[in-house]
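There are two complexes below, and they share chain A, which is joined by chain B in the first and by chain C in the second.
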Partner chain A sequence: MYKGGRIIASLIIFVAFLTLPFFFNLGKANAGPDLPTYASSSDSQCVEPAAYMKANHMQLLLKWRDSDVRDGNSVYINSQGKSFDISLETCVQCHTTQATKNTVGVNNPALNTSDQFCVSCHNYASVKPTCWNCHSGPEGATK
Partner chain B sequence: MKALLSFLAVIVLILIATLGVDVANLHFLFGIIIPYLAFVLFVGGFVYRVIKWGRSPVPYRIPTTCGQQKSLPWIKQAKIENPTTVLGVIVRMALEIFFFRSLFRNTKTELRVGEDGPKLVHGSAKWLWFGSLVFHWSFLIIIVRHLRFFLEPVPYFVQLIDSIDGMLQIGLPPIYLTDAFFLCAVIYLFLRRLALPQVRYISLAADYFPLFIIMGIAISGILMRYFFRVDIVAVKELALGLVQLHPAIPEGIGVLFYIHLFLISTLFAYFPTSKLMHMGGIFLSPTRNMMSNNRMVRHINPWNHAVEVHSYAEYEDEFRDKMKKAGIPVEKE
Partner chain C sequence: MSINRRQFLRRAGVVTALGLGGSFVINGISGKKDVVAASEYAPSTQGLKANHWAMVVDMSKFKTEDDFKRVIESCVSIHNIPDFGNPKDEIKWIWEDDYEHTFSGGDNEYLTEDFKKLPFMIMCNHCENPPCVKACPTGATFKRPDGIVDMDFHRCIGCRFCMGACPFGARSFNYRDPRPFIKKIDTDYPTRTPGVVEKCIFCVERLADGLMPACVEASKGGLIFGDLDDPNSEVRKIISTQYTVRRKTELGTQPSVYYLVGGGDHA
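Up next is the complex of A and B:
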């Protein structure tokens, strides 16, 4: 082989690159995001059924924002006819662990701590919503 | 016709995935077996092709250059266009691979109506270069972004690329710039083949098929992200299961995902047998990766066959007596 050494070495690097994910995750558990129990509310259902929420909650939030900010309509009526106050706080009120229940805004479940509802999932999926740059306090958007 | 056939082939692939998952419930086949198979075929086929190329003889120095060759000391050498050092070659190759430098020099030639009859005119043609550049870079960024499904925890550079790509923050989930660029570039590359008669004439089904399948992958991905959302967490569990060699099918991933995955698997499996191997081939292009020292160094063909020669001295040794008798002058008495 002409320049065989270089070709083989390049191929090894190439294959190493391709198999990187195999080695990176070696021996780790495939447990998914570790979602804390959030059944602190009396309701056992989310704003919409859980399967829908799992995949579509960000689009629902977008709809909420448009509805509130553009159409001035601050009540959302879900598919079962139940109404919800349109605000990011609505989510946070249900989705808090007992320990952080009373400190919404200070210990916002959407923010950093890893055992929090939204964040554990978002870290897992590598999404960083910027919403809480502004929506940080219990009183809603502050900027 | 060739375009239509390729298009139909991709439609059939989509139907296979839809029926296989939605009707026949073959999640295990489409989610696990086919992706593994495709990966093995891709890596194996790629390595096989490159080694096969590597084994073919490279007897000649054939760099194609377009700059001043190294010459007398006061003549300025084009160090990159006509490299005589390893560094020069590396720079030249890097420009080629990252910025498609030789495509940048693409020209077009046309017959135009002049005052006295038709005139042959040459002009620069940068659209193909621009389109391919956008296409390839977007593709690369999209692939790197997808690492978020395969790595846990997600490394910082993947998050960074993700956030830069989504920096416009339009919609939720935010629109990726590369999604738009990529789709425009693929459509441009496809329309170019249809619109230019010369290019259409030389286009084969093997040119259209990769374009259509890549278009299918892009469109299914975009639909899945912005319109018919699938459960991303479940998708990541599937992907992680695959790379941890503990494959499992999580519940409730939409069929759109399986179409996306099946098209990708097909592309990967098809890759080593197709023109897409230019990904590896570019590194092995002798016209690009050789130093232009044709006349500075004596290059001996490594495969030179030993040729039997009969020199004059040997000839004279053999026939000296006869030559002397015939009165022919000899060099050695």
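Up next is the complex of A and C:
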């Protein structure tokens, strides 16, 4: 190979650089998202079981949105037959830390550096929901 | 190492079968279980229902500037309507305008000069044949079964076709971020973002809670709201017994907002 030695040496250096972050973090445990402790009665269940909500809350919220806005069905009857008002306020009535008082329009509970419910996981997962660009945050639900 | 056609087809077939089979296997292993079968959706029990919501504007009840202001303010405050302070960016749900802008093109010869000088209360007409709904490419504006032309702000992409299609100028576009320009944000109703069109929605969110539209409550009888298809409703009785006009009927959009000109001391 023409100039084979240099090419192979360069490749080794390149691969070393590429895998540097991997070796750097090797053996260190992933702390995971900083889960919030939020003000809700511990015995109450979310609109559906927690495992379902963790995996599917985004699909449920989309269904809620279409049901309320487009079909005019503003009541959700869950798998246990319990009824809930379809509104983000239903969510943030429980899912709020109340640690940071959010001012609507100034401080965004889902995006900014607050310790609100959504932001703790969503920052970790680098997912930016746009809900709070229009909807009011937990402050409104707890008034 | 060239291959002939037979070999090529055979190999392509094997790869295809592997690919399809693989996706079945992966789906089988991961096991989809995201359906909560027993859940359902229902309309709220206290909500007001109708076949065709319609409004009558009783011109005799709108005399002073305060009559208009009070009604407009009731809408502005609960729907988080911004005030940009310049007419180019203005967001209008319900507003006041003069005769020429309201009834242009359909001059009725029997209307007195007096009538032509009146200011009028104007909002979205919630047409039976809404041109804005036809123009909307995403279905963000849609007609509900109860006759209300509703907005789904989530779906609006800000193309503004609806603004061009609406002959009544009932739609406004958020050229700027409205939040800093809202006097006091009502947390019960969402604000909008830049690039979204908005308009009067006959307070669908209040109807679902069993309440009349905010402007109707604030108008002290100047605005009458009800089911046009119900022969016993107040709106139907007024429309079938007294003289009412609608805006730009020559366009065939069939507005659901009627202007009562025979009542009181006008006309």
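Heads up, the rule we're going with is that the second predicted complex is superposed on the first by the 97 of 143 C-alpha atoms of A that agree within 3 Å, B and C clash if a C-alpha of one lies under 4 Å from a C-alpha of the other, contacts with A are read in each partner's own complex, and residues count from 1 in each chain.
Operating definition for what follows: contacts are C-beta pairs under 8 Å (C-beta built on N, C-alpha and C of every residue); 3 or more make two chains touch, one makes a residue touch a chain.
The model shown is predicted, which means the values in this text are computed figures rather than measured ones.
Peer 1: Is A:Phe24 contacted by the first partner chain B, the second partner chain C, both or neither?
Peer 2: first
Peer 1: Would you sort A:Gly72 into first (chain B), second (chain C), both or neither based on which partner it touches?
Peer 2: In the superposed model, A:Gly72 contacts chain C only, not chain B.
Peer 1: In the superposed arrangement, which partner chain does A:Phe117 touch: chain B (first), chain C (second), both, or neither?
Peer 2: neither
Peer 1: Kindly classify A:Ser10 by the partners it touches after superposition: chain B alone (first), chain C alone (second), both, or neither?
Peer 2: It touches chain B, and chain C stays clear.
Peer 1: Please work out whether A:Gln59 is in contact with chain B alone, chain C alone, both, or neither, and reply first, second, both or neither.
Peer 2: Both partners, chain B and chain C.
Peer 1: For chain A, what residues appear in both contact lists, the one with chain B and the one with chain C?
Peer 2: 55-56, 59
Peer 1: For the complex, give me every residue of chain C touching chain A.
Peer 2: For chain C paired with chain A, touching residues are 34, 36-45, 47, 142, 144, 146, 150, 152-154, 179-180, 182, 185, 187-188, 190-193, 204, 208.
Peer 1: Which residues of chain B touch chain A in their complex?
Peer 2: 39, 42-43, 46-47, 50-51, 54-55, 57-58, 147-148, 150-154, 158-159, 162-163, 169, 171-173, 229-234, 236-237, 240-241, 243-246, 248, 252, 254, 280, 283-284, 302
Peer 1: Any idea which chain A residues touch chain B in the complex?
Peer 2: It comes out as residues 1-4, 7-8, 10-11, 14-15, 18-19, 21-22, 24-26, 28, 30, 32-33, 51, 54-56, 58-59, 61-62, 121, 123-128, 130.
Peer 1: Across the complex, what residues on chain A touch chain C?
Peer 2: Going by the criterion above, the answer is residues 48, 52, 55-56, 59, 63, 65, 67, 69-81, 83, 85-86, 89, 104-105, 133-136, 139-141, 143.
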